[in-house]
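So, here come the structures, one by one.
Presented sequentially are two complexes of chain A, the first with chain B as partner and the second with chain C.
Let's look at the complex of A and B:
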C-alpha cells in the first residue's frame, strides 16, 4: 500500500502544472534578480513568488482534491495525507525560494526568512483549501 | 423613433447588460485578486529594474576641425559662472570658459519710443561683443539692438512695471543672426526647427549687452550663465562623464563636445538600456505564466459558463467580449493605475519598461483565454435545432410552473418581440401559442405552438415553429430565427431544471 501511495504522490507531483509553473517562475525570478539594480527588487519579486504560490494552489486544486479521494480509498490515515500534501507544498515553496538561495545566501538573510514564510503560508493555504474543498472528513 | 427601432435598441441593450453581468460574475471570483496582484507586482518590478542612460548622439561632419576640442554646456536655468571652474578643477581639465546668459522672457520688456517688445536679453563677454562689431564696449544701460536706423538712440524701457532709461547701439543684424557660439548653435535662442534648420527669435525682439548690464537690468547680484562654452580643452573628455559630474551639482540639460570631424551630444533625455528591456520581458513572462496558469485552471468553469450562455441564446462572440472585458478590467485597468504610479515615482524610462511588461502580459493572457474559451467548431458547439419540431423531456412535473416558465422565456427572448402569447393549462396538459417578431429584421418572425404534457415522472414539451415573413425569408435566415426561438426555450428549461 505504501508503494501505491508513493506512486500516486509522484504522479500528482509530475503531472500537476504547479511544479512546472513554479520552476518557470523561479527561473524568471532568478534572471530578474541577476539583472537587478534596485534594492527593492528582491522583496518585490518575493511578493511575486508569494502570488505565484497562491496561484499554484488554484492551479492544482482539483488534483489535490482527487489525491485526497484516492488516498482515502487506499485507506490512508489522515496524518499520511497531511504529510504528503505538506511535502508537496514544501517542494513548491523550495523551488520558489531557490532564486534567493542561489543569488547570495548571506546578503539575503532577511529575504531568506521571508521566503520560508512563503513556504509555510503555502503549506497552510493549500491544506486549508483542500480540506475546505472536499467533503471527506477523516 | 419608430417602434421597430426602439425594440432593436432595447434588445441590444439587454444583450449588453447580460454581457456586463457575466463579466461581473467572473470578476468576483477569488482568482481575479491573484491576477490583479501578479499584474501590479510585475509592472512595479519591471519599473524598479530599469537601468537607463543619457541619450547620446554622434554627428559626423568632416568640416569640423577641432583640435583642441571645444565643449558646450547648457543649463535649464541660470547657474553661477563658477560652474565652469568647478568642472575644470573637478575633472582636472584645462580650458578657457566663455559664459552666455541667454533667456527668453515670460513677460517681455517694452521699448517705449520705438514700441517694440523685447523677448530675449543676451548677456555676453567683451570678446563676443567685439566679434559682433561692438569694439568700443557698452556703457551702463547700453544695449546692442539691430532694429535702429542710426548708430545709437535713447529710449525708455518698461522692465517689470519700472521704467529704465537705456541707450541703444546699432548692431549689425547679419552678424548677430549668424553668430554661432558652438557647432550649429546660434547665439540667439532657438525656438524650433524647420527640418534641420533652427528657427531663432526675430531680431526686433533681441537685446544684447555686457554681463554687467544684463545682470543689472535683471536685478541679479552675482553673474549667472545659461550656457558655457569651454574652448582650448587640454584633452578629449567623454561628454557622458561631464554630464554625470555636472548633473549632481547643476540643472544641466546638454553637454556637447566637438572633435576632429564629429560632435558628440549627451542630453538629459534618458532611454532604457538593453539589460533593462530584458528585465521587462522577463517580468512580463513571469506575470503571463502566473496569469495563464490561473486561467488554465479556471478554463473548465469558464467553458461551463460559455455552454450555459449558448443555451440561453447568446452568440459565440459574447464569450470573447466577456473575456476581453475581463482581462481589460483585471489586468489593464490596475496595470494602468500602477503605470501612473511608476511614472510619477520613477520617471519616463521606468514607465516605458513597465508598459512593455503590462502590454505583453495583457496580450498573451487575453489571447490565451479567448482561444481557450472559444468554441472549437461553431457547428458542433452552437445549438442549432435541425428541424422545426422539437420534443424536450423534463423532470419538472408541475405543469403550471413549467408552462409559466416557458411563457416567461418567450416574453424575455431578446431577439424577439412577443406580439401575441396565449396559453391554457388543463389537468396535466398545457397549450401555448406565441407569435414573435424578429427584432433584427422587419416583418419577419416565428409562430410557436407548444404542447406540454405530464406523464408520470416526466413532462414532455412539444415545440413546433413556423417562420414567417412579409417578404421571402432565406433558408439560412429562417434557420437562424427558428434556432433563436427554440434554443431559448430548450436552453432555459434545461438550465432552470438543473438549478431549481
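Let's look at the complex of A and C:
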C-alpha cells in the first residue's frame, strides 16, 4: 500500500473521527479519575468504549463508505481497500481502548481483559464486513 | 478510419434478486469512437448505470467482451481493472462522489495519489485542471461549502486529472437546473475538443440527447441506436 493512500486514510480518520474519538477518550479518562476507587469503573469504561466504537461506526458510515468507494472507482487495488478497512477498525478500537488499558494497568483483571478484547475484536469484525460489502455495492 | 475506443461485443449482465435472476443487459453491441459524446437514455432501472460500470471495469459482464482503448477487460485481473480505472477510464457517479471533508484540491488530487504521482506534479496538474474548468479560485475551499454545480465541476476535474481516454458520467445533470445543465454539457464538449476524450453520458432527460453526437436508448435490456430517430423528429 502506497504512502499516498495512507495519507488519504489518515486525513479522513483525523477529520472525520478525530474529534469524536478524542471526546470519548477524554470522557472515559474523566470517569476513571472521578471513580477510580469504584470496582465497577473498569466495566463502565469498557461499556463506554463499546458504545462509542459502535456510535462512531454508525456516525461516520457514509464518509468511510464514500472514501472507499471513491478509492475503488479511481483505481485503488482491491487489497489496498481491504487493508484500509482493517486498519481503520483496528485504529478506532485501539484508541478507544486506551482509557481501559490505563485502568487495567492499575488493577489487572484477566477476565475483564479477555471480555474486552473479544468485544473489540467482534466490533472490528462487524465493521470490516459492513465496509467490505459497502465498498462494492455502494 | 475512425478510432474505436469502446467496443461492446454481445455483452450480457444478470443480477440475482433473491431467488430470481434479472437480466439487466441483453446482447449489447456498440462501438464508440474517440472524441465523440454519446448519450444513453432509458427509464429508471433499465440498466444504464450497469452499462457504465461495465465499461468502467467496476463490474464484470456475465458474457461478452468489453474492449476499452485496446484493453480487453475480460483479460484483466482485479488489479488490472484498477489500473484501467486509474488511467484509461474515469467514472463520475450520480451523486458526484465528492468527499465533503476534503478541499477541492484534495478531492481532485485523489486519483494522482492512487497513481503515486509526486507532489510537485500533483500541484501542477490540479492547478491546470481547475483553471480549465474555472474553479481555481476555490482550490482550498472544502467541497461541502460549494454549490451543486461547483461540486459537479469538482467531480469532473477529478475525473479529468489523469487525462483518461473515456469519461463516463452517470446522470451528470440530474440535480442541476436546465441552465447549469447546459453549462455542464458545454464543458463536456470543450473537454472533447481539447482532449479528444470519448464521453458517455447517461441521462433520463431526453432533451439532452439533442446535444450529443450520438444517442442510444436502453429499453428492456436492449441497447438501440436512437440518433437517427431523434434527428428525424
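Rule of thumb we're sticking to: the second predicted complex is superposed on the first by the 91 of 138 C-alpha atoms of A that agree within 3 Å, B and C clash if a C-alpha of one lies under 4 Å from a C-alpha of the other, contacts with A are read in each partner's own complex, and residues count from 1 in each chain.
Just so we're on the same page, a contact is a pair of C-beta atoms (placed from the backbone, for glycine too) under 8 Å apart; a residue touches a chain by one contact, two chains touch by 3 or more.
Every value quoted in this text rests on a predicted model; they were computed, and no experiment measured them.
**Q** Quick check on the superposed pair: does A:15 touch chain B, chain C, both, or neither? Answer first, second, both or neither.
**A** second
**Q** A:38 contacts which: chain B (first), chain C (second), both, neither?
**A** first
**Q** So, does A:7 touch the first partner chain B, the second partner chain C, both, or neither?
**A** In the superposition, A:7 contacts chain C only.
**Q** Looking at the overlay, does A:90 come into contact with chain B only (first), chain C only (second), both, or neither?
**A** neither
**Q** Touch test for A:51: chain B only (first), chain C only (second), both, or neither?
**A** The first partner, chain B, only.
**Q** Classify the contacts of A:28 with the two partner chains as first (chain B alone), second (chain C alone), both, or neither.
**A** In the superposed model, A:28 contacts chain B only, not chain C.
**Q** Which residues of chain A touch chain C in the complex?
**A** Touch residues, chain A against chain C: 2, 4-5, 7-8, 11-12, 15-16, 63, 66-67, 69-78.
**Q** Over in the complex, which chain C residues touch chain A? Could you list them?
**A** On the chain C side, the touching residues are 56, 58, 78-79, 82-87, 90-91, 93, 97, 99-102, 106, 110-111, 113-116, 158.
**Q** Chain B touches which residues of chain A in the complex?
**A** Going through chain A, the ones touching chain B are 17, 21, 24-25, 28-29, 31-32, 35-38, 40-41, 44-45, 47-48, 51-52, 54-56, 58-62.
**Q** Tell me, which parts of chain B touch chain A in their complex?
**A** Against chain A, the touching part of chain B is residues 30-31, 34, 37-38, 41-42, 44-45, 48-51, 275-276, 278-279, 282-283, 285-287, 289-290, 293-294, 296-298.
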